[in-house]
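Got some structures for you, see below.
Two complexes are shown next, each including chain A; its partner changes from chain B in the first to chain C in the second.
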Partner chain A sequence: MNNSLIVKVVSQKMVPFIIMLGASIILHGAATPGGGFQGGVVIGAAYILFALGIDAKTARLRLPVIKVKIVESAGVLIYAFTGLGGILLGSNFLANKIVLFPPQGEPGGLFGGGTLIPITIGVGIHVACTVASLYYAFVEYEGEPKPDKETE
Partner chain B sequence: MKRSVAVILFAVFAVCMIVVVLHLYPVGDPRLPGYADFIPAEIPSEEIPRRADSVATYYNRNSARDVGGTCVIASVILDYRGYDTLYEATVLFTAVIACLALIGKDHHHE
Partner chain C sequence: MDLLSLSHFIVLLFLIATALAAIIVEDLLSAIIIYSAYSFTIAFTYLIFRANDVAMTEAAVGAGVTTILFIAAFCKTKGKESDLVNHEAHEGHGEKTK
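Moving on to the complex of A and B:
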């Protein structure tokens, strides 16, 4: 597989489209079925496909582990700080309609849910980085994928 | 001493839990909140509006007004049950950190 040009090219060309699909699922979390967890897994799978197409070392250089960990923590913090906005405006944690934070859009639209959109984006970022970092951990544990000499 | 305190505490909690379980409705009872939309035929019709005012029916009817999103499931898990999802994400985060600490390699000492 390491020498297959078709696998390499197709996997690299597919990655932006899969990421767009995942972002679409995340951003429509308040309007349609789907949401942060599902869209995040799609984006994480896109990264795994990207890392499988080229070798793991190059993929690790493109997206370093420390950046993944920072962004992963930021995903949970987006959720928590969205909830803190309710406290700062004088209501309870994760208050939505009462304090009108964040600004409410048209009901049924993309931003109709108020806190739903920042929460969904935070969860999506978190889950995508979770999948990517777990892939990192397992690949490092198993070692570099070695080229299979017998099939050549 | 410690052991007897532990035994007494265990007995107290066990009695509390057994009493609570004895006061629950049986499984499948239509008086349970989850069975709001299931109305048996023997219920008189004047009881139906009161019976339909339960949590599932409330979410279905009012989530668009309370939250604003059209997806009722997203409204429930992210707004009505927002604390649950927040700690669910935190549990996932903790699990990943534990996985990385156990099997991940430390890049700073390579």
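Moving on to the complex of A and C:
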């Protein structure tokens, strides 16, 4: 990439605002357009912008591959345990109105989704880490990986 | 034709223009940016037809991540765009009549 100072500074300063936009899309996913996938893609694109602004090694140090894998699996586990909570409370998988933990607001509000809110958060975390993994897989691929350097 | 359908017509016309320009233009980096403009225009088209979720997905994935991945692949394959264009011109896929 080009070593422009404007590109470097702007890409670093814009990252927290893009992450806040993605978190807003995720948290309002049950009530407004958007949801886990869209907000997760926005957060992953923020990471790609961050990694393109500085060099690849610093970005990889800031967010290692093993951390990406752990958080990605945590997103799936949030989804799964939210679904299993419905079974534990005596109803179907992913049952919504019987689970008491998420606050049940009025429909159309921010908390009107019930269990849709942790599901959307889990999907958002998973998709954000998947987009970051896509960046690792496609962009930063430099030949065959060395087995002694990356212990996974 | 009222004003609303006229604006829809203009957006659809711009959609066709960007889709054709992404194919016709010879510079690869320009093609990527025009494809990004096409993707954003089709997101606006989805928004006109009230498919809000699809519009947001298209704006995030099509205009954002796909463009970044294309530009990254473009930067990894060849050094500079002028080298690539000259290289293709020297290779000559039967396009010397242009």
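As a convention for this text, the second predicted complex is superposed on the first by the 132 of 152 C-alpha atoms of A that agree within 3 Å, B and C clash if a C-alpha of one lies under 4 Å from a C-alpha of the other, contacts with A are read in each partner's own complex, and residues count from 1 in each chain.
Keep this in mind: a residue touches a chain if its C-beta (ideal position, glycine included) is under 8 Å from a C-beta of that chain, and two chains touch if they have at least 3 such contacts.
This is a predicted model, so every value here is computed, not measured.
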- Sharing chain A, do chain B and chain C clash or fit in the superposition? fit
- Query: Of the partners chain B and chain C, which touch A:G114 in the superposed model: first, second, both, neither?
  - Reply: first
- Message: According to the stated criteria, A:N96 is in contact with first (chain B), second (chain C), both, or neither; which is it?
- Response: first
- Touched partner set for A:V139, first chain B, second chain C, both or neither: second
- Query: Touching A:I25, do we find chain B (first), chain C (second), both, or neither?
  - Reply: second
- Tell me which partner A:S73 touches in the superposition: chain B (first), chain C (second), both or neither. first
- Task: State whether chain B or chain C is in contact with more residues of chain A in the superposed arrangement.
- Result: B
- Query: Now for A:G35: first (chain B), second (chain C), both, or neither, which partner does it touch?
  - Reply: both
- Query: Counting only touches as set out at the top, which of chain B and chain C does A:T130 meet: first, second, both, neither?
  - Reply: first
- Query: What is the contact status of A:A45 with respect to chain B (first) and chain C (second): first, second, both, or neither?
  - Reply: second
- Query: So after superposition, what is the minimum Cα distance from chain B to chain C, given in Å?
  - Reply: 8
- Can you list the residues of chain A that touch chain B in one structure and chain C in the other? 33, 35, 134, 138
- Where on chain A is chain C touching in the complex? 1, 25, 33-35, 37-38, 41-42, 44-45, 48-49, 52, 131, 134, 138-139
- Message: Can you tell me which positions in chain B touch chain A when the two form their complex?
- Response: 64, 66-71, 73-75, 77-79, 82-83, 85-86, 89-90, 92-93, 96, 99-100, 103-105, 107
- Item | In the complex with chain B, residue positions of chain A that touch it | 29-33, 35, 65-66, 69, 72-73, 75-76, 79-80, 83, 93-94, 96-97, 104-105, 107-108, 112-116, 119-120, 122-123, 126-127, 130, 133-134, 136-138, 140-141
- Message: Show me the residue ranges of chain C that touch chain A in the complex, using the header's touch definition.
- Response: 52-53, 55-57, 60-61, 64-65, 68-69, 72-73, 75-76
